[in-house]
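Below, subunit A partners subunit B and then partners subunit C, in two separate complexes.
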Partner chain A sequence: MADATADRPSAVLSIHRRPWFWAWVASAVAFVATLMLTEGRGGGDLLSAALTFASFSAIVGIGQMFVITLGPGNVDLSIPATMTLAGTLSLKFMDGATGLILPGLAVALGVGLGAGVTNYLLIRVLRIPPIIATLSASFLYQSLAIWSNRGLRIKPPAALSDFTTGATLGVPNLALVGLGIALAAWLLLERSTFGRWISAFGQNERAARLSGVPVEFVRAVTFIGAAALAGLTGYLLASFSGGAALNMGQEYLLISIAVVVIGGCSIAGGYSNVPGIWGGALFMFLIVSMLNSYGLGAGVRLIVTGAIIIAIVAAASGKEST
Partner chain B sequence: MATETPLVALSDARMHFGAVRALDGVSLTIRPGECVGLIGHNGAGKSTAVNVINGGLAPTAGTVTYALPDGSTGTGPAAARAAGIRSVFQELSLCPNLTVEENLRIPQRDLTGPGWRRRAARRISNALDAVFPGHRIRPKTTVGDLSLAERQMVEIAMGFAEGAAPARLVILDEPTSSLDASIAHHLMDHVKAFCARGGAVIFISHMLGEVFEVATRIDVMKDGKITDSRPRDGFTQQGLIDAMGHVASAPAEARRAASAAERIGEDVLLRTEEGLTARRGEIVGLSGLAGHGQAEALARFFLSRSAGMGHARRPEVVFVAGDRARDGIMPLWSILRNVSLTTLSALSRRGLVDRDAEARVGEDWRKRIGIRTGNMSNNILSLSGGNQQKVLFARSLASPAPIVVMDDPMRGVDVGTKREAYDMIRAEAEKGRTFLWYSTETEEVCRCDRVFVFRNGRISAELTGDEISEQHILAASFEMQEAAE
Partner chain C sequence: MKRNIKLFGAAALVTAALPAVAPAQTGDARIALSNNYAGNSWRQAMLESWEKAGTQAVEEGVVAAADAFTTSENQATEQAAQIQNMILQGYDAIVVNAASPTALNGAIAEACDAGITVVSFDGIVTEPCAWRIAVDFKEMGRQQVEYLASRLPDGGNLLEIRGLAGVFVDDEIHAGIQQGVEEYPQFEIVGSVHGDWAQDVAQKAVAGVLPSLPEIDGVVTQGGDGYGAAQAIDAAGRDMPIIVMGNRQDEMQWWAEQRDANGYETLSLSIAPGVSTLALWVAQQILAGNEVPKDLTVPFLVVTQDTLDEALAATPEGSVANVEYSLEDAQAVIEDAKAAE
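After this line comes the complex of A and B, so read on.
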């Protein structure tokens, strides 16, 4: 249970019952399996790369987690397009100027907020189901990105580029950002009134409304917050990879949902956890690098990845029911 | 010829659902040519009786025997079908995505093979023409595109339509609830003609005028038994209402009178669009037959007063759900979290829940309301239904909201819990809270200070003080006018 109401002394012993446990186990196994091939060399580099790439997945995954917690049918499919649009517009705005790094961040967050508000209004005012609303809106955002990009690849400011690829005390800066966001999300989900409201909404929206939960406020903040995190990720990813590309968000549609599922959150809503998102994000990177280093082709890699995801979800749900 | 053999005969039929005795020994026979009016208050057992007669439910004890067309007798759902027993239900049961003719295929299983639609269309058209002359329903219309009245007409026509086993007993459960007077009159005429041709009808309606018009015999049900059965002319309308009721418990009235005077404020605290009014400290009951708009009125009132963020912090009105799974319980959460949901904003500082304060509130209410659990962090579903209901009471009453809306909160709750809840409601009212209390149990409504009786979505009577009695509530629940001519 997500209940942290009783801090039982047996918490350490029952750690395997935690929903995020299997995602972390799988990540550790993938990590060790990769290192076995290299006989232990390059462990630090692999960890550093995993933390960096996983932080992108974790940040969008946290946004997606809050949306999925709202219950069946709630999912944000516009995350890739929002990332692309935010990355494109913010880099175009900064145009390589170091002094515009923070205003550029504001532009990226603004794009995210705008996309979130649009998504919410489509859902609320036009009463379009979230899946359809965010999917159709994503075409709009993607078109805007194409229109403003016009094939140009603008480099990020050097200082920003250095920050996103750099490390502090050996830990990649992006991982620190991702961990900071995860900490804030954990506080929000587990300790705040708002987190309770989201969980109540996801378990039974009607009952939540009748219990005085401001359900429309919860819905709006959740969708807008998820899009803002997507905007931030677009900004970081574009800066990290030396410029915005129109397909930069593509793989994050599946990843954002996969990390939520692998992380042990209930796809039926109402029951989520933040550690699992990071576990899932690390796993999604490590499994690919493990299969790569074993020299498996793209086709086999996808099949094995899919099979492992199914195995983790099955293991986690088996534990949940005990 | 066949007047001697009953179409259907129930002999001491009993139907128990757990401890609930929905039917408690019903014996009745229905012969060709009879139209039996079946009346009774909510939960008297009418619907169960219908389902036992049509073979949908096998009685726990006793027998149901059908006369088959070949002169033999049989039991069970297949025999019921072969005997030509048809039911038309109060809740519209057509499939809205299918056409009228396709809906006829569902009960009539002989409509198969090439050209079944044509045959279905002919059968339903003939039936509609016979029952509702002048109707404008085409068999190819999708049911979802029909009006409520037209759907009800189709359902009724399906009951009388030609089929593999011709209709010999048609059970009509509230058939006129969506029909206007002139269309209802067509139905009355058809029922009379059908019975004159040797058919039989069971007619259930809260429109006593209609029952008096068509029935040849009236059976009154109460507490799962038939308490009175006479030819129509043996009843007067008032006599029928008296036969349905029983005397309200005296102590409740005595206690009410004692404390009400000082408890209830002078000014009207709230007024809804339906005309509900309540004063400070008043316990206001909503009554009438189930499904006549009481729950909707409460939900509308609650939703209109609870929107926005301000409400989360300082709720003006709180809701106690009776349909726990649908409207109340958070199934993934602990008992404590279920209790604290409505008061969460008040228990938090800078957006974070003060978990010590939350635990104190939970412990306080566990003691006050007697939630039987060893640990408030156990899952809510570990509690029995009655204790879950206590949690929902605690959730609402833990907030300082001055108005408490209760939507039949004692549904499926044991007697002991009910008594505790009654005492608690009274105690809270004495502290100045106002209660709006919808209940399907007349005995509970008789505990209120003021009662509004609903009929067809509107308030048909407002009762106060000594006027609050089962007799008056029943009288206001049932339509007293004669059926329109």
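After this line comes the complex of A and C, so read on.
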């Protein structure tokens, strides 16, 4: 291996050692394998669908990534309920009125911030472990969503619906939003002091505290930020799919954690990367599309998906590259 | 005199106009609803229907109580505990929409041993002492293909949207669709995805599989997924196939818009959430001492091109087409089941 690559430029030499590399490879393979069925037709459609749907997973995944970076036991299980509550309340608030699109966004973000603050207070004031705190809080948020609207679907304003399903210069608008958030998250994680604090917190909380990292501030901002991103995703997803539904966030609990793991972030915290989140999000969509296109049954699909995820995680953790 | 009263009672039982008189003997009975899940619009409508019919039944003195209880986690263990609590609280009948067909059997048997009438519906239980108001999901799948055959005599390519993998209902509807395709071999299922009965999941799954599919002539669904499929097909710029709908308001709304724009025609069928009220009346009938067969079948609620406007007007925005069953409806279902035995 080392001999074969010795004469290549060093950037190429090291790219396969990046933790996010394998998620992107797997996405590309799934993409090509799907197109082999159609002899190359529909590539643009598939790519555009993948970018659109992956952006939802990527946005909640980025929030979850920051939480998981905080170290063992830190995970936000309230993401689906926060999405549902934010989507429900913001669409009910807008009630189809174009003039209320931005205030509606503020409602969704406000719900996210409120959920984040609640989560953090449960963890800090009541000293409940984050898994239990966010799980029990999620029942509260889900109940509020049920209570506020009893599952009725209210249509989003037409302009908002057009924006979320539309594209600019051929790139889906949602993907632009998702990529913008990813860029901001990358700058925050890799180029800011706050990013160093989060990583330091996850690598060793005690050492971080003793070296002057404001650990409680870091934890608060991380949980609140993750919930705000979940609120934003709920707003976008509800607008995209023609209304909020009580079960709309359900599959994003597993996906938000899966993209973090597939993306090569350490599940034990302390070491994360943003490109992997997008790689994982694209993979989660493309693998299902590929297996559906090949007409495999649900059981086989789940087995293959599980096996591939294990392979990616094993490859990304570097056990194979010596 | 005594004979006259008996005659009067018998007459009242079958007289549609006098539902409040007949079940006088159940006026002290307390009925509980044990529900495993409330997290979608169908279940919300189901609970509302129960509340409406239950409140009315209590006001009219038909029963003493009709309380609804929902578990938070959709877990069989949790629901079993809930049923045990109901036994302790001394309900006369428990109406249950079960999280599992088998896992509650222990708790159900305890209830029967305590002399409590147990009626399961929608999510039915296999415990023999309980009554079952079941949905013929297989027939629901078969009828979709039958309808498509009436619209497309030459057949064509079908896309199948399935529900949640591994769930009994999904297997049944799928089996019915396969049976339909065997009966009408001019149809071929060219693609199959799992939409989990949710519009956004169906939209995502269909968008992912469309690029690799040939032209689609019909879409068979399981309910709650038709609108998402339509959006994905529309976004891909394809010709709109005949999508069989599942009575959701957004599906019917979309159908009406398409009909007005280009004469789009389809069929919509599902189970009315008001089936909970059917179960309530069946429980009441059993408590009243009437002979009721253990296996009953829920009628489908079908929306056609002709009844679309009516159904749409009666359905709250974002909900699902519904009917509340009356005591007479329950008696008709019971008579049908007796006739079939």
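Convention: the second predicted complex is superposed on the first by the 307 of 322 C-alpha atoms of A that agree within 3 Å, B and C clash if a C-alpha of one lies under 4 Å from a C-alpha of the other, contacts with A are read in each partner's own complex, and residues count from 1 in each chain.
FYI, contacts are C-beta pairs under 8 Å (C-beta built on N, C-alpha and C of every residue); 3 or more make two chains touch, one makes a residue touch a chain.
Predicted, not measured: the structure shown is a model, and the values here were computed from it.
Aligning the shared subunit A places subunit B and subunit C next to each other free of steric conflict.
In the superposed model, subunit B and subunit C sit 120 degrees apart as seen from the Cα centre of subunit A, a figure rounded to the nearest 10.
Partner contacting the larger number of subunit A residues, of subunit B and subunit C: C.
In the superposition on chain A, A:203 contacts subunit B only, with no contact to subunit C. Once chain A of one complex is fitted onto chain A of the other, the partner contacts of A:37 are limited to subunit C, with no touch recorded for subunit B.
In the overlay built on the shared chain, the residue A:213 is in contact with subunit B alone; subunit C does not reach it.
Contacts of A:246 after superposition on the shared chain: subunit C is touched, whereas subunit B is not. Contacts of A:165 after superposition: subunit C is touched, whereas subunit B is not reached. Closest contact between subunit B and subunit C, by C-alpha atoms in the overlaid model: 29 Å.
Those residues of subunit C lying in contact with subunit A across their complex are 38-41, 43-45, 48, 72, 162, 165-166, 191-194, 196, 198-201, 203-205, 207-213, 227-228, 231, 235-236, 249-250, 316-319.
Of all residues in subunit B, only 302-303, 306-309, 311-312, 315, 318-319, 321, 326-334, 336-337, 341-342, 344-345, 348, 351-353, 355, 358-359, 375-377, 379, 395, 399 touch subunit A in the complex they form. Contact residues on subunit A toward subunit B in their complex (touch as defined above): 1-3, 5-6, 187, 191-194, 196-197, 199-200, 203-204, 206-214, 216-217, 266, 270-271. Across the complex, subunit C is touched by residues 34-35, 37-38, 41-43, 45-46, 49-50, 52-53, 139, 142, 146, 149-155, 165, 237, 240-243, 245-248, 250-251, 285-286, 288-289, 292-293, 295, 298-299, 302 of subunit A.
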